[in-house]
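Here chain A shows up in two complexes: once beside chain B, once beside chain C.
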Partner chain A sequence: MPYASSEKKPALIWLQGVTCNGNSHSFLNLPYLPQLLEKYEIIYHPLLEGTSTLHELVLNKAECDVLIFEGAYDPLMKRHNVSLKDIVTHYAGLAKYIIAAGSCASFGGMFKASAPERNTGLILNESEPQGPLLVIKQKVINLSGCPIHPEWLGFTLTMIADNREIPVDELNRPIELYSRLAHHGCTRNEYFEWKVDSKAFGLKEGCLFYEQGCRGPMTHASCNHILWNEVNSKTRAGTPCFGCTEPDFPRKNLFTTKTNMSIPVDIPVGISKRSYLALAGVAKTFHIKRLEGKLIDEKRNN
Partner chain B sequence: MTKKEIIDHIEGEASISFDLNEDNHVDFATIVFPHFRGMEAILKGKPALDALVITPRVCGICGHAHLMATVRALESAYANAGLEITISQKAESTRELTLALEIIQNHFKWIYLVIMPELRKLVKSDEIAPVLKGAFAASIATKALAIFAGQWPHSSYMVPGGVTCDITHVERIKAEGYIDELIRFFEKDSLGMDMETFLSFETCNEFSSLDSDIGEIEKMLKEANMHTLGFAHDRFITLGKHSFTQIAKGIQTRLTPIEHKFVSTEKAYSPTDMSYAKNALYKDTYYEAGPLSRAMANQVPLIKNIHRRFKDSAYSRVIARIHETAYLLRHVKNLVQTLDLSEPSVIPPIDIDTLSGEGVGIVEAPRGPLIHRVKIEKGVIQEYEIITPTQWNIGCSTKDKLTPAQVAMKGNSISDSLFIFRTFDVCSVCTTH
Partner chain C sequence: MSRKPKEERRDNIISSALKLFSERGFHITTIPDIAEKVGMSVGNFYNYFKSKDILAKELVVYISTYLGDEIAKINDQKISTKEKVSAIVKMYFKMAREDPEKIEYFLRVYLSNREVFGGGGCDGMLCVSPFVTELMIFFDDGVEQGNLRNQDFFSAFGLFMGYLGGMVFLFGEKILPKPLNEYEESISENIYNALRVQ
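Entry: the complex of A and B
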């Protein structure tokens, strides 16, 4: 038990590469932020007060048990006039755990496109094994998402502080967070079940998978299980899932479903195309009146 | 003598090189924003609607303003092409509501994570600032926001013709509950008095009745002489059309109308370091943008009174932002109460793949006017230009034509200059998009 209460708190450093700061801000929404911060000694965070300055940090003077890295990794980028390569290599060597916070740090993400020939994630370049920490990849936990979900990071940091194991998937993401699909828990599931598409944006009714580009059934994420800001998710608010936790984010044509003979080209994870087509064909033969109009109007008419 | 300081704990990173005179005061400051991400190039060649997902990722703290600038730019392209585009009052009010909530969360973070800790350092107080109050208040604001927008940061719930959400009263009431909770927090934990009384303040003398965080900030500002320091050009600009502000430029207290076509940019002065920033100008002149400018355009009695006494000092800048927090809290409460849910959320325009043309979207972001200009050919982005508020305030120019932040720092000690710099609420990530 390296972090039992009588002992020193683990030292936490939050470092940024090519980023929008969105993960740092998302983390501040964590409902139990004060309690979590009690478990760590915050050495450096881009927004919160830490015990070291950025200057001390880049001189390799700080301790580090857990390194959080936000943003795409650009080896040529400098922080406080020191190359990111030097800073990341040093602290990753010291750290027991390294957390890639968000899709840029995990896979390159949105800001891979800023310098496609050199920007990557820490251990993955999209889904290919490549990155500065590949040789120590067993220490790296990828928390993909654009931005990171605060409770996913809260979970990971708490598990580490409590000295519990965190099993990960083939992309080094915690299984407990990424085994579900974004589809799981979506309030539109009944429409998915009966293959009723949403007629347009701005409606509570209908599934966004058939026309509006929703990636929910193909995206490993617990957004509809662990809600955003504790209250909602994109799909509940009528916005399609853009698949932001997957290595191919951002894809193109994010508001349109690619179809072949009006069947979505990409189908739900783990289902054979033949089975999906058979099921969809049958489901479409039912015409369920209560799913055709506005639910609230329908109730009023009865 | 030249001294270089790296500024962190802002949005991103900046560095300032100070040329000092013989009594160690700033003669000239060169500001550099080093990190470039190429957002405009990333947008080129993308399907137009994809911009609704890409541009919020310009900035982790004001991404919602970028979303709204994009949707307005696309809608303006529809209108300019002679195609029908209308949005319901419900959709318009919902957008205003979530935009204002984003500004509110920004201001709470700035008050507690930036201004209070920096002021305490400046007046040599040993007490640790209650920074997590800022995070808590911001998280309540973003809960209310997410009820409409699905999530914050990085929502994409505005689409041409409206908003994707379909709010019912259950959700509207829940959002109002969070807004009420935030107002209570602001009254109890920040102001130490009820918000309406605060909003009725007409002079800064009334702050002396506050025994609270806001009262302490006001006292520390005066103790640090910030009412006599940090003057910019006394020129103000607001450009975004909203329910909570007027569009105008002001020279001192004189307001005149404004047209966005006179906005231009020039490359920032950068003698040694590589800076990727551009300065924003109106008719080749620098203006200050943000809450102080909005309060001057709105003719807020308290801020006009403070401006009469202390001009556009660092003090005025900070108090205007605190005032705007209260002003917008009252505004969002009113918006959420008066939403007419019977109207449509989206009035779908024709398919964007048929659209060719140009559009401009202008929004008041937390730090001031945000401008997106887009050129579309058959639904595909040909060109995209983004001009952010920090480009107005914290440009870097030559000695003969100083930007608002440069002139505000001139003549001050380095420690005062660094505080004055932060009173503009620096967003480096937006600037070097």
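Entry: the complex of A and C
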């Protein structure tokens, strides 16, 4: 049951480790942000107004029901001369819910690269269980993404404010957001079906999987279902998905498809290589005239 | 024992058709010829294959599936890429010796009568998919293991299969002075040396 307005609003703290602020920026794009923030008491946020200063925060003087952590966790990092480890552990202990906002906080992500031997996510180091909050991992919700879509966080915070349960997958990601693949809903699906490759970014036609390194069929994300800025997605615009919600992000050689003798090394999730090659191999040898030129030209030339 | 009589009769038609095509030639052999050899009426024959064209295409799928299964067995073995090359060459030549109608049909009918096989029924690699898929698995595994050079699929495929097909063609024409199996070792070596990481 949603909280009654006479009940106390959950206290929310947004802490940062090693970060680019991307998830904060993304969150600011949430269309219903004012209404969502009404449901919470913002104790601290790096960009929004809160009731506490960072200085007060690090002296452990604040309440916390929901802790959002953005950025990679660096055990040597300090905020206001207080170790990040102490700050995080303290507030994570108080919080009922802990949200890792973004791939850095979930898995280490991009900023793990700044100190690969010591930076991690909150409960995972890439896909290995490791991190400052591992002992209380049942409280942690990983919203991986680089950055996350504002709606993913909007959804999670709405569910929390309404006291609704959020089932998660084996990487602690909400299954309602991460069951789909980025591949589902891509507008290029006919080109994927018939293995017609796009030769460059930004073209309306062609699939980006075979030559441009698209990770859509291997990546759990809602990007082609909950559209970005409510209108588009990477792959719709003609840029390959680079798998930012998965623990191995960032990978090397983004935007190239690794092949062995023209055979893709990584194939869609859960499909056997034999099955994939049987279909793909055949499809690749067909010539479907309609799919070989610009779609608009087929109609224009009539 | 568990095979239905209908399946057996279908296989009979296939092997009889392949034999007749090999003995008399593809265009000369008629449906009544095949039906007679199998011992069934022409009407009944059409219950199994609706036309000679359809039979022709089904034969390609049948042979490709057979070859695909044999290569799959080799692919699944825990042996080196080099040993897999030898095994594939050996299997292919064994088929050329013991089951010549199958490979003959492939080389002399499928590859040489494109007008029969194009136009929808056997577009592109549709009918040879089981065979090509297993070769893709072989190449993918070879590169992944670090044994084969990464290169365009068709460059490698053409080298392997063009070579084997060519040798079987020469064998069929009775041009080879030595028995086919005596060429296995050198051919396997040539193929592996051409494809391997230098």
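Methods note: the second predicted complex is superposed on the first by the 296 of 302 C-alpha atoms of A that agree within 3 Å, B and C clash if a C-alpha of one lies under 4 Å from a C-alpha of the other, contacts with A are read in each partner's own complex, and residues count from 1 in each chain.
As a working rule, a contact is a pair of C-beta atoms (placed from the backbone, for glycine too) under 8 Å apart; a residue touches a chain by one contact, two chains touch by 3 or more.
Because the structure is predicted, anything quoted here is derived from the model rather than measured.
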Classify the contacts of A:Val18 with the two partner chains as first (chain B alone), second (chain C alone), both, or neither. first
Let me test your reading of the model: by the given contact rule, A:Lys289 touches which partner, first (chain B), second (chain C), both or neither? neither
Partner chain in contact with A:Arg236 - chain B first, chain C second, else both or neither: first
State whether A:Ser26 touches chain B only (first), chain C only (second), both chains, or neither. first
Touch test for A:Arg164: chain B only (first), chain C only (second), both, or neither? neither
If you count the residues of chain A that each partner touches, which comes out higher, chain B or chain C? B
Which residues would you name on chain A as touching chain B in one complex and chain C in the other? none
In the complex, the residues of chain A that touch chain B are 18-26, 28-31, 33-34, 37, 46-49, 53-55, 77-81, 110-111, 113-115, 146-147, 200-204, 223, 228-239, 242, 244, 250, 252-256, 296
Show which residues of chain A lie in contact with chain C when the two form their complex. 259-263, 265, 273-274, 277-278, 281-282, 284-287
Contact set on chain C toward chain A in their complex: 72, 123-126, 129-130, 132-134, 136-137, 139-140, 142-144, 148, 150-154, 156
Show which residues of chain B lie in contact with chain A when the two form their complex. 6, 8-9, 11-13, 34-38, 42, 46-47, 49-50, 52-54, 57-61, 63, 91, 109, 113, 117, 128-129, 131-132, 135-136, 138-139, 142-143, 145-157, 159, 161-166, 168, 174, 344-346, 348, 429
